[in-house]
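Common to both upcoming complexes is chain A, partnered first by chain B, then by chain C.
After this line comes the complex of A and B, so read on.
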């Protein structure tokens, strides 16, 4: 049982190792620098969004609109290039992402709506806005040379995107484990009532988490547009699912209160490796998704079986909210 | 020391809700360095008064003085800033954080947001040691037992250097042994000059720990007295406003043949070699310290956890029970300890809760007969005097005692031959307790066999025909009523040699 528990704690690492091993055996030259660079770069888009979602999921919320924000931010950053120049337009694109996140956060906290339902709605709205401002056509940037510069590879393995992603993971790790606001995010996601009664501003934490998630989706969207020199309203339509899959594979709990940056890193790399390996084997895209889906189911089932503690057959007691109000008659 | 000062002086507090006067003109004074008990039945206004004190409710009229200064509190944070800390009956901590993080929740030490983890752990260690709590600061809170979590809750309140601590039913999840440890902690805090407000249903505990007691009834302050001048009978009389001659009356019943028989059962983890029988018309008590394996025995009989060894038989027939559904079919009913978690479906009405296990019997080709359903609920609401007497009321709006009655009704509707009750009167006030005992008495009078798990010794001794004491997963031989004494049970529950 102890080995199983230990294996479970590092299961993302084991899954990632297995994925890499199998990929290396099946795909010739998989561990070559070019492939790794490509895989890492591919994973970074998922990864940068996943960083925002990790925080949000730990806080007990979810954002389904990140794929739409990704497209919207990209479109904004391209469309404004002629007026503002490349870099200022990029900044505005990211700000648009944060604004979208802030809208989500305000509505969830202010109206006390379930975030799953709310972001399902804003997912449609943000996507439609992207279609609206582009007349549903892809738009091109002003300088293709700049795109080439952004997609350059450094030290033969890092692109700007992947370096940014890895740095952000390290920062996230420190923030989640070593800072007071980081720990408070866990508290809010695990037991919002207890957190509130201890003087933690749950509402503000949830709002800022949404804004952060939107901002990160914006960063990923802007980078994608800079690299491709294109803004398209259909970008990232299947991204949300992949990102949530990566975060959950990394051990973050959908109900909140549990998760880690390193887990998310493992989850993102696993999904990235799978995608690249299957692409190299010319596996059709829809079968790729079937494989990713099956792996996700496997993990969730595994997670459940082991978290019911051996012997008691019950989950450890969780804090319960009082049901009866004061002054109830006997 | 500030002992001469009044820690808390609430003057003329009245609180009205639309249509209800929850508190009327309550005067309540607590001195520094004392344990002040507040007793009263459910609905007497204890929790409303405490919610006024911790800033959740603003009083309709009246003033609050803390250390002789008038204060106004608009939210719990205001009360906390004034040095008032609440320890709730329901554990209100963060299961996914460590013990230390919970103790310092909302006030973690650090600079510019960077957490000083080692300092936090050192300070938590010191506090836990001071309180004599055997809990490791780095452990995940959700992995602790309920009673350990309760201690963490108290440590959290204590760590904030409060002037006033309010404890609401702190012993409801503690065994007698742990209660004694808690009392040591409370006396220590009292000697440090903290004012302790101790809310409890348990008269005996109040007599043990309190220096003064205030009795509330129907939203009014009845009396405040030093504990030395009051007896338990008197306190109960003040609480209910009438004389309760016998707190735990025993209804006589004729004991018949054995119904449920367990022989040498083990679950491989929590208990082994447990044997006893429950006879028709008998209440068999199962007692012992929390963690002795009582609940696990009941859950195993009911099919909630796996029977590894031994035999369970009902009316002479050996049962093989793998799931609760098997147990229900065989005629066993189980009313769990955690009423809110396992017993009721809070969003449903009383009627829906009661008929849940027997919907199949109430329906024809898949359609539930509305009239039969209502008749069944009506019958039990009346028979058990569930208040308010309205089957369409949502069950979570009822008081704890009435919820418990509805849960028992739910299982009776299935007409079991054995009823297992796990702490049936936990967190229930004196009046409702007597009613529940009455119901149980009536059931055994009709020939049902009842297995009752309880930590409360007076209840066990008053209600049960025979008692089995468990310690560390082993069961004693049953004690008959004549053999019962508190000392004897405690020895069996704690002592190595005597068992």
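After this line comes the complex of A and C, so read on.
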């Protein structure tokens, strides 16, 4: 039982280790700098979005529209290049992502709507806007040389994207574990009403988390568009499942209140390693979907069953519930 | 446009406080009807092609395919299961299998097998949501991804074509001037309505969605009821996919994309609460008629597809927001 608990605590590491081991055994030449570079670069798109989603999930919310925001920001950053120049356009693209997140946050906090359903609607809306402004055609940027510069590899391992991702993960880790705002996010996620009673502005934290998630999806979308020199309204439609899978693999709970940046790093690397390994073996895209879907389901089920079964007192979070009711929930 | 939604919503406002008042009840029911009539009136004035038998038959036919899914989705929302996002996968499963298996086992068994498999996908959703307690959106998103992947892998990612023209004729044919698909939809809607409003299962579904713990304490088999809603949706989407495949005589793996949103939009716009515990099949179908007519008018007026998606998204967000606001004020 103790080993099981220990294994559960470090399951991200175990899953990542197993993935790497199996990949190394199955795929010839998997262990090498090229693979590391490729895997990191591939993982960083998922990873940058996952950073935003980690915070949002800890705060007890979810955003299904990140894939659409990814596409929208990319499209905006490419389509404005002729007027504004490359870098200002990129900034506007990221701002568009933040604006989209702000819309989500405003609606969720203001209307008190279930974020799953609301972001389902905004997912449709943002995707439509991306189709709208591009006429459903992919658009290309003005300078192809710039995209080469962005996708360049430094020190044989890092591209700009993967370096940015790793730096952001470290910052997120420090922010979540060492600062008061970071701790407040956990408080809001475990029990929004109790947090509010203790003087934490739950609404504002949720709103800002949505804005952050939108902004990170924007950053990922803009980088993707800069690297490919293309903005396409169909980008990112398959990303949502992968990102949620990565975050959940990392041990962040869908119900909020628990999660960590390092866990997300592990989850993202696992998904990245899996993707690269399957691509090396030329596994078709739809099988890759099956695999990431299966992992998502397995882990969510594991998360539910392992925590509810042992003991009679259920989980600690349950014990807090009387406060919710006493705190005057509507 | 937004006036219509506002009108529909303001009408709906009355229903939750004063359900006992039959005048208010009537007004709430009439709200969507007025919105539908307004769309018809606008359509008839704006475009001569709108008010014609041909156009209405077209709307009815396309409505029927989504409508079958709407019937199932109503159960999912009423039971408090938020939404079933695996519908594209189950539709693809129904369409591809009912065409792909035709040469091997004949059209009717192929259709039955396709629906049965779609039901199995629904059962998987149901087991995850009802018994394992997984968040419905995550569960159905995951199951949908896996299901779609498997269906694509099974046919190698290509388009499947029909080999039995007779079955296509049957589905595309008409009985007494009404397309067969519409009749099938009407029958399924009637059965769905009967189950939800007149049977034990329906009462259990409403009770589970309204107050899970209270239903459980009253010895309602809440887990099975919750799982059942997803099985119903799976089967409904399978039937819908099979009919779609037979009508088109070809099935791509992505044939069902977007149907989940159309169905959710219709149900939510019809005034079925996304939080569960309230709703009926006729309401959902009224929502469907409204959305379909609106889409039809937009198409006839030459509004581009992205804009239509935009309007649908706004409709969902508006309807859900209104529902949440009403719940809060009603103290429910």
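One rule holds in what follows: the second predicted complex is superposed on the first by the 310 of 330 C-alpha atoms of A that agree within 3 Å, B and C clash if a C-alpha of one lies under 4 Å from a C-alpha of the other, contacts with A are read in each partner's own complex, and residues count from 1 in each chain.
Criterion: a contact is a pair of C-beta atoms (placed from the backbone, for glycine too) under 8 Å apart; a residue touches a chain by one contact, two chains touch by 3 or more.
This one's a predicted model, so the numbers in the text were calculated from it and none came from an experiment.
Of the two partner chains placed by the overlay, only chain C lies in contact with A:293; chain B stays clear of it.
Judged by the touch definition given at the top, the superposed model places A:179 against chain B, while chain C stays out of reach.
Of the two partner chains, chain B is the only one touched by A:195; chain C is not. Common to the chain B and chain C interfaces on chain A are residues 330.
Those residues of chain B that touch chain A in the complex are listed here as 17, 20, 22, 41-43, 45, 47-48, 50-51, 76-77, 80, 88-97, 101, 105-108, 110, 113-115, 117, 142-146, 149, 219, 267-270, 296, 304-306, 338, 340-341, 346, 387-388, 396-403, 429, 431-432. Contacts from chain A toward chain C in the complex involve residues 62, 64, 107, 111-114, 116-118, 120-125, 127-132, 136, 233, 240-241, 244-245, 248, 254-255, 284, 286-290, 292-294, 296-297, 300-301, 304-305, 308, 330. Of all the residues in chain C, the ones that touch chain A in their complex are 82-83, 85, 128, 132-135, 137-139, 141-146, 148-150, 152-153, 157, 253, 261, 264, 274-275, 304-310, 312-314, 316-317, 320-321, 324-325, 328, 331. Those residues of chain A whose C-beta lies close enough to touch chain B in the complex are 178-184, 186-187, 189-191, 193-195, 197-200, 257-258, 311-313, 316-330.
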